[in-house]
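Take a look at the structures listed below.
In the two complexes below, subunit A is the common chain; its partner is subunit B in one and subunit C in the other.
The block that comes next holds the complex of A and B.
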């Protein structure tokens, strides 16, 4: 992707409070929290919004046509819109689609909304139903697998790999402690790293409860606008430079070369002059469904060839105060309302660049 | 069930259970694979005429070369573990609604004569979890009663 008729920026975002239980609100009310905050952030009203994108995974709540049921919360009444539902990537797909809709000239202002209320369904059961109904369904256990742990243990030895995973989990929790909207704020203490790792129930192989992301309720809303609109509104923009989507048959073909993540990162960097991602990127919001995947995927996204990514965890480079802050929000390990989760990454990245901007033009990819 | 906040009104939560019967068409390619399992206790993979890679379970087209994979070959029934998962979390089996007994072991076994990376995914019967490791030799055990589903394979067993 990078065929833009015009530039696109994020000019506002909002999030609900993330929690395991939001029984005091129904689905439209939960969405409404995020939408109101995004509109306020962008100094807009629904009258300024041309198109509303809705994203979640229907199979979690088993409520179909949710974009229609949620109109009171989304504000989409009478407006054009699209419903997107692409699993854990739903939120990122929303951002890509919103960027495309504005860049193409179809709409000037697009509101993208990601939502999930996982307490109302069964996330692991839902994810299991994404498996091939003829072969995988009776085997799959949602998104739980210990294979990333096995891979890291094989690559870096048992002790080093296990320490890196739990260290990443603790750093993510330290970040979540600074984010009042995060779901799991556990106050994990580095002093008890070993105990934290071993005194939590095993899920699959070396993947334990503490490593895994939460099941959260929550919504996120992000407003995308054209360059003309940004100027007209005097908005504070985070420019959307590029995005990349990759499909590969990775679950069926083992070791088919590079991972999907690495292929996506390589293409994105090549188009955007990034030759040294660790030094050229200031802050990274990553979809890290577990601490094990977090460590492994960090290496893929940063095109590491040996153990640079493990060292970045070991020496606190990924902490907020480190040289390469990863997920200042606490990331997916702290909060995971699935249909919103990837859009939260985009919203957090936009907030980071807007807040950090001096005179340079900051970019979101 | 209700959620009554102190001093506030009762907030009613409605509990429901959804149960849906489903049937899936298998098509000529996956259908042939399942027929061979059921009728002949054979594991048949199709093969890409361009790269020579097997696909297991078979798919119509080679995912890498985008050409129709029309040749068929029998693989296994013995092979070696490529990857495995020891599952402790008890999740519902979507086919039955029953909660699964734990721990159980899933494995991806590369069957003998497989070209490329196409391990078959199934349960591993492993009474001693400490013995499970990559590279372990295993064989397919077929179910006594077969109906053209993945249950026609009972599990992999470890070759002692």
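The block that comes next holds the complex of A and C.
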């Protein structure tokens, strides 16, 4: 593994309350909530921040170059900054970028802000606009697809696959019940698993309303600092060890071999000496836009070759009390302010590392 | 002050390619436009995509201009990012240079492809797009767009400094003169001062001739660490200074005639590059003059002349003496989001001695500038040396 120019740590984070309608705040005000909480968490003021990163999707709120208006909430006035946007991955891209910008030596303390206020636009319309206008748009159903369900059913049989998906959905809701910031806290009861699985409205194929993530308003802010700054501030750091980004070419969707998740995980594990991810990783915050994707992608991220990931759902291994806690925050199925969502994963993971350091060495993805 | 990459840690630009900038590249989609320049930088460097070659791409584009959400998804194949990294900077391309350099200074990557595209011709109206940059409560209802914002900036600047409409016309005349020497420039037809002054008024005092034209085009660059640059070119151009800064959003909260954010961006870049006397530090200066009045205004912000002395700077032939915008500048035509990236591209071409009839002989150090947002809210400054 290449040595970083200098080490980088997360020293604080903040989130707005996530909800379907944050009508009482405008966009900069929503961002401001997260920024203030992150600064308080890190015991800093804006004077300590020397770069502000911003990310979301323009066509969701139909605001062009929104970092301009959002300066009112981001605190970037008089400061350097960069705006990055890569779709659902935006928040993670912001974390990678903050890592790069601090490691580069250009900046000592970087504030990364992911944002979305989906109630002000039309998320499914916006996502449909991703597709090529000539080749794919007429087939697009936004983020709602039944392909992951189809794949799992083919792999594991209808009953087992459906049970795994709804079990994961309920576990995620149990986790969300412990997270006051989460958008959907439904108090789903395992007793009614069968009814929940069959009585919620179908969307596409075997994807039902209950499986799908929410459409949320929310912002997340995470503060990254150099090793020197961490020492100087006496901060409680979660070190950023490495990052990896993998894309897929859009028109070869049906013929691209390994999933991007698996390729990214393989590279990250190889560089960082992870040979047994299930036992070497203590907690995993995953971008799981639906319960079906959640089950399927868990298998890819953990490099499962058979049905290990399905078993992990079936035997409650992914519950907070289990051996491999997945999304203690409730994950994306509970809250999905898209441009913030992946950064929330990073923030939640950092909080877990810092909180658990006293007890055990902890490695988080 | 932050520390920079350890022993010998520098970033080089090893290759640059630009399409010809045109009013409407109706015959090609943005993917095809971008492939034209990516293919050229691959040929220039002999690089291939993948481990040991181009490991990552930083792209520059805008979803609203592209009319596609996550529009970088449409060019993953073009920039070789299938099962590789691609990160999109959604701002002026000089910001892309800033971020791409950081990914190398951090030691995360050694070789990065920077690729930007925009087809302004796709939109019925650029003003409709930039209108959407204003908040829906206070500034959108009064009809602001980037032209209106720039007009307020121009009025404030001209009132403070005494720069005249005739002087702005001369900026345009000079832009066209140099654009004729630049094979990729769009607006090359000669104009007289009188013709420039007779152009239709868009938003007083900005006339059509004083504003950058609707433009389609793409730019690609290869950035590399010092360790790898020698493999790729015998004429690397080093990025020695980087700075950027945001101003406030509401125009009424800003000193519109001043250069709050540009002065801070320039200060950072000059400190990093060790530039102490900017007036004579650069053989080549490229300013993103989206509007004619911004050439003298931003020259002040870049400390190429004293503050409030833009009129005198123009009258004394400052732009010619300091070799400002021999590319023709933005007034000769670049898409808004590629304005600063095209300035960096021209700086690289000049420092490689490849600028033909517009070459500044013996150019050693260049200054390139980019601006994003209404009336230059976000300013980016890049210092380059050969």
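We adopt the following convention: the second predicted complex is superposed on the first by the 351 of 365 C-alpha atoms of A that agree within 3 Å, B and C clash if a C-alpha of one lies under 4 Å from a C-alpha of the other, contacts with A are read in each partner's own complex, and residues count from 1 in each chain.
Keep in mind that, in the parts below, a contact is a pair of C-beta atoms (placed from the backbone, for glycine too) under 8 Å apart; a residue touches a chain by one contact, two chains touch by 3 or more.
As the structure is a computational prediction, the values presented were derived from the model and not from experiment.
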Determine, under the contact definition given at the top, whether A:97 touches first (subunit B), second (subunit C), both, or neither. second
Just checking: does A:129 make contact with subunit B only, subunit C only, both, or neither of them? Give me first, second, both or neither. both
Look at A:249 in the shared chain and tell me whether it touches subunit B only, subunit C only, both, or neither; answer first, second, both or neither. both
Would you check which partner chain A:201 touches, where first means subunit B only, second means subunit C only, and both and neither mean what they say? first
Going by the contact rule set out at the top, does A:57 touch subunit B (first), subunit C (second), both, or neither? second
Regarding the shared-chain residue A:3, is it in contact with subunit B (first), subunit C (second), both, or neither? second
Which of the two, subunit B or subunit C, is in touch with more residues of subunit A? C
Can A:79 be said to touch subunit B (first), subunit C (second), both, or neither? second
So subunit A touches subunit B in one structure and subunit C in the other; where do those two contact lists coincide? 62, 129, 132-133, 248-249, 252, 256
For a test of understanding, state which residues of subunit B touch subunit A in their complex under the given definition. 3, 5, 11, 13, 18, 22, 24, 26, 30, 34, 55, 57, 59, 63-64, 82-89, 91-95, 100, 106, 108, 116-119, 121-123, 134, 149-151
Please name which positions on subunit C make contact with subunit A in the complex. 2-6, 9, 56, 62-64, 67-70, 72-74, 76-77, 81-91, 95, 98-99, 101-108, 129-135, 137, 242-250, 260-261, 264-265, 268, 372-374, 377-378
Spell out the part of subunit A that touches subunit C in their complex, as residue ranges. 2-6, 26-27, 50, 52, 57-60, 62-72, 76-87, 93, 96-97, 99-108, 126-127, 129-130, 132-133, 226, 228, 243-252, 256, 258, 260, 263
Enumerate the contact residues on subunit A facing subunit B in the complex. 23-24, 62, 122, 124-125, 128-129, 132-139, 141-142, 144-147, 150, 201-205, 248-249, 252-256
